[in-house]
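Multiple structures follow.
Presented sequentially are two complexes of chain A, the first with chain B as partner and the second with chain C.
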Partner chain A sequence: MLLGASLEILLRTNDVPAYLLPPPSAVWQALLRYGSELTRATLQTAIAATSGLLASAVIGGLSAVLLSAHPWIRRAFYPYAVFFQTVPIVAIAPMLVIWFGYGLKAIIAAAFIVSVFPIIANTLTGLLSTDPALRDLFRIYRASPLTTLLKLRIPSAVPHFLTGLRIASGLAVIGAIVGEFVADTFQDGGGIGTAVEIAIKEQKTDKVFAAVLMASLLGLGFFAVVNGLSQWALRRWRIAEISE
Partner chain B sequence: MRIILTRIILASLLAFLAACSDQSESPSQPGLWKAGLQLNWVPEPEFGGYYAARDAAAFQAEGLEIDIRPGGPGVPGLQMVAANQVEFGITSADSLLVARARGADLVAIFALYQTFPEGIMVHAERGLKSIAEVFNGGTLAMEPGTPYYRMLERRYGLKQVRAVPYSNNLGPFLHDPSFAQQCFITAEPIAARRAGATPQVFPISEIGYNPYSGVIFTRRQLLAEHPERVAAFIRAVRGGWQAYLADPEPTNQAMHRLNPTMDPATFTEAAALQKPLILGDSSPARPLGTMELERWRTLAEQLRDLGLIERVEPEQAFVNPE
Partner chain C sequence: MSTPATTSSGCRVCDTHRLMPASRRIRPPGQAPEAGTGLRLRGIRRAFAGRAVLENLDLDIHPGEFLALLGPSGCGKSTLLRLIAGLDQPDAGQLDLSNDAGRLAYVFQDPSLMPWRSVMANVLLPLELSGIPAAEREARAREWLAAVGLSEATRRYPNELSGGMKMRVSLARALSIQPNLLLLDEPFAALDEFTRQHLDELLQQLWLNHAMTVIFVTHSITEAVFLADRVVMLAARGGRLLADRAIELARPRTRSTRTSPAFNRAVESLSALLHDGGTLP
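What follows is the complex of A and B.
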C-alpha cells in the first residue's frame, strides 16, 4: 500500500507519461475496466498451469522415488532431470508446438518442463536424507526395501516434496504463460499470456500491468493452496508418527 | 538465428549506449547535426534506402550525421522516440495513431510503403479464392491485437478457424497444408518457396485496410524546433530510396554483411517485390514517401470504429516536410 502510494506520487511529480509507466491508480482502473476479460483469461491459464503442476507433482515425485533406488540409476538418469532445469523454455517453446500441436497440450508441457525439476530435486533430497538411526532401526527389524521406502523414506520426504511443490507452483504459472505466447489457441479469447500480447500490441500499458498483476495473483493463489495443502499433510503425517 | 539476433540486439544496444554518451560531447564533425534512426527490424530491403543514403554520404551532404540503428523483435521504437532516446523511428501508420491516442505526440514525416505490405499466406493447393475463404477452416496464425487482426476478426469471425499466435518461424506452415499465417509480403512467401512450399498471398489491402507502412516518425517538438533539419533528413532519405530503387545491389551487399542470415538472392528478390508497394499507383507522380490527408482520415476512422482510438484527428498525425 505504502509502496503503491509512493510510486504514484513519484510518477506524478516527475510527470512520467502513462504510456511509459502507468501509475498504480491507472493500473487499478484497468483492473476494474477489463476485470471480467482478464479473470476469464486468468482462469484459462490456471487450468493449464494446474495441469502442468499436477503432472510435475506425479511424474516428479515418482521419478525421485526411482532415482532414489540406487546410485547407479541416479548417475544414469539424474543428468536428464537437470536438463529440465536448464532448458531455456523460451527457446524450445516453438518446438513444443511442433511436437504437441497448438493448444492446451503444448501449454501444459511448457508448464511441466519448468516446474518438474524443483520437485525431483527436493523430493530426492528428502528420500536420501533419512535419519541414520531410523534406517538402522529398519535394518534391525529386517524390513524389506519396499517397507523401508513406504514407511520411512517416503514419509520423511513429504516435507521436502512440498517445498519443491511450493517452488514449482510459481514456475508452472510462468511456464504456462510462455507456452501461451507460442501455442495458445485464441479464437475464443485465450489465456493471460495472449491478453498480455494484445495489450502490448494495442499499446495499453495500463492493461499490460493489470494482466501481469493477475498472473502474479494466480501464482500467489497457487502458493497459498500448496501452503494449505502442506500444513494439512504435515499435520496428518505428524499425528500418524506420534500414534505409531 | 537466435544467437545472431541476440548479437544484433546487443550490438544495437551498445551503439545506443555509445550514442547516448556521445550526445553530451561536441559533435565529431563540426556543423553536422547528429541524430539516430531506429529501425524496427534487422537490416533488410525494407530499409535499403536508408543504407543507400548512408553509403552515398547523402546525410553529410545535407549537414546530418545519421546513425542507423538496427532493431529486432520487441524493440519499442514508438516509446524510444517519445522518450527522446532517439530522434527518428519507423512504424506503421496504425501503430502511430494508436500511440498518439495514448498520449505520445508523434508525427509521421515519410511513408515508404504506399500499399500496406502485410498479407495472409496460404498453401496454393487449397485453391482459396479470397481472404474470406481463409476463415472457413484450418489454422490461422496471427499476432492478436493488431488492428487488421481485429478487422478480419470482426468481418469474418473466428468460429470455423483455429487462431494461433504468429511467430517468426515457418515450421508450422511448412508442416501443415491447412495452415495459414500473416506475412510480410516481401519476406515469408520467398522463404516458404525456398523451402519447397507453393505459397499464395492475399494482401490485407484487398479488404480495404491500407495504412501507410514503413513510416518514419519523430516527436512534434523536434519538428517544431528544427523543421529545416527534418526536411534535410527527408531529402536525403528520398534520394537514398531513389538510388536504391534504381540499383539495389551495392546496398544489398552492404546490408547482407550486417545481416548474414538473409542470403543475397533473397535480398534481390525482396527488393524487386517491394518496388510496386513503394511506388504506389498514383498517376500524377509525387515525391517518394508523400502522404495524403484522406488516407490518414480513412485509417483514423477505421481505428475508431474498431475501438482502438477515440478521436479522429488525421491532420495532427503527419507532415510532408518542405
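What follows is the complex of A and C.
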C-alpha cells in the first residue's frame, strides 16, 4: 500500500506520461474495467499451465525412473534431459507451432518443455539417494529390482519429486504465457499472455500492467496450490517439511 | 584358542543341541528350539584400497551361540559382519554356513525404518519380501511387536517414536522372519546408557526364548561381557584376533550381574588386552 501510494505521488508530481508508466490508480481502474475479460484469460492460461505441469509430472517422473535404472542409461540419455533445461523457449516456440499447429497443444508443449527438467533432476536425485542401510536390507531379503523400486526407491523419492514439482509450477506458468505469445489462436479471447500482447499493440499501457499483474498472481496462486498439495503429501508421508 | 570344531558336515539341525555351549542349556522351557546357524571362517582376507582390514582370519561360530565381536573403531568388525551377511565378498578365504537355507537378519546401527510406513508396516516388510502368505504376516508381526513391548504403538509412525522405541521396532523387524542367524552392528551405540541396558536385557531375553545364533558387534566391553557366551576381540590394525574368551556367567543375566566380581574380572582382563594389543600395529 505504502509502496503504491509513494509511486503514485512520485509519478504525478513528475508528470510522467501514462503511456510510459501508468500510476497505480490507473492500473487499478484498468483492473476493474477489464476485470472479467482478464480473469477469463487468466483461467484459460491456468488450464494450459496445469496441463503442461501434469504432463511434466507424469513424463518427468517416469523418465527419472528409467534414468535411475542404470548408470549407462543415465550417461546416454541424461544430456537430452538437460537439453530441456537449456533450450531457449522463446526461440523454440515457433517450432512448436510448426509441430503442433496454433492453439492449446503448442501452448501446453511450451509449458511442458520449461517445467520438465526440475522434476526429472530432483526425482532422479531422490531415486539414487535412498538410505544405504535400507538398500542393504532389501539385498539381504533378496528383493528383486522391481520390488526394490516399488517399495523402497519410489517412496524414498517422493519428497524430492514434490520439490521438483514446486519449482516446475512457476516455470509452467511462464512457459504457457510464452507459448501464448507465439501460438495463441485468440479462440474464446485467448489467454493472459495474449491479453498482454494485444494491450501492447493497442498501446493501452494501463491494461498491459493490469494483465501482467494478473499473470503474476496466477504464478503465485499456482505455486501456492502446488505448495499446499506437496505439504499435505509430505505430512501424509510423515516427512518433516524441508523449509526453503 | 581354537574351539571344539563344528565337525564340518556334522552340524545340521540334529546336532545343534550337542554342539550348544553349556550356558545355552539353561534356556527356560517354552518355544521348541530351532537350529541356529553355525559358521566356519577360514583364512578370510578383505582389503580396501590395498589396506588389509581383515587378514587370514579363522573363526568358528557354534549354532545357537551368542558371540560378541569386540574392537576399536576401524578394526574390521563391521566388515566381518557384512561378509557374513553376504553384503560384501572376501578377497580370499572361505566362509561356510552350516545351514545354507537358514534365514538371516541384520540390525543396523541406525534403526533405518521407513518413515512412510507405520510401525506395523515396517515390521511387515521382511515378511512381504520373503513371500510369507499375507494372512499369516500380521499375526506374526503383532507377536514380535508384543515381544519387544510395542503392542500399543503399532499404528504410530517412526517420527513419533523415541530412539529406543525405534530400535525396538528395528529388532522386531529383524526377528519377524524368525532368523537362524541374527547379525547386529553396534545397534545400541547411539542410545543413552539407561535405554541401552534395557535393550541389552531385552535382546538377551529374545535370544533365550528363540533359538538363533547371534553375532553382536560392539565397541563396549561391558556390553560384550554382559550379553555374550563368547567374546572375540579384533586388533585395532591388521585384522588379527586378539582374544577369544568364553564368558561363564549364569543366565539370565540381570542388573546384579553387572556388579558381580566375576563380571568385573572379565571386563578388566579384556580391557587390559585391548590396551596392550589394540593400539600398536
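As a working rule, the second predicted complex is superposed on the first by the 237 of 244 C-alpha atoms of A that agree within 3 Å, B and C clash if a C-alpha of one lies under 4 Å from a C-alpha of the other, contacts with A are read in each partner's own complex, and residues count from 1 in each chain.
One rule holds for everything that comes next: a residue touches a chain if its C-beta (ideal position, glycine included) is under 8 Å from a C-beta of that chain, and two chains touch if they have at least 3 such contacts.
Keep in mind the model is a prediction, meaning the values are calculated, not measured.
By the document's definition of touching, of the two partners only chain C reaches A:D136; chain B does not.
Looking at the superposition, the partner that touches the larger set of chain A residues, chain B or chain C, turns out to be B. Contact with neither chain B nor chain C is seen for A:A224 once the two complexes are overlaid on the shared chain. Of the two partner chains placed around the shared chain by superposition, chain B is the only one that A:K201 touches, whereas chain C remains out of contact. Of the two partner chains, chain C is the only one touched by A:T147; chain B is not.
When the shared chain is aligned, no partner comes close enough to touch A:A5: not chain B, not chain C.
Within the complex formed with chain A, the residues of chain C that make contact are 85-87, 104-106, 108, 110, 112, 114-116, 125-126, 128-130, 157-159, 177. Across the complex, chain A is touched by residues 2, 78-79, 82-83, 95, 98-99, 102-104, 139, 143-146, 158-159, 161-165, 167, 169, 171-172, 175, 308 of chain B. Taken in their complex, chain A has these residues touching chain B: 17-20, 91, 94, 97-98, 102, 180-188, 190, 194, 197-205.
Partner chain C is touched in their complex by these residues of chain A: 131, 133-134, 136-143, 147, 151-152, 155, 158, 237-240.
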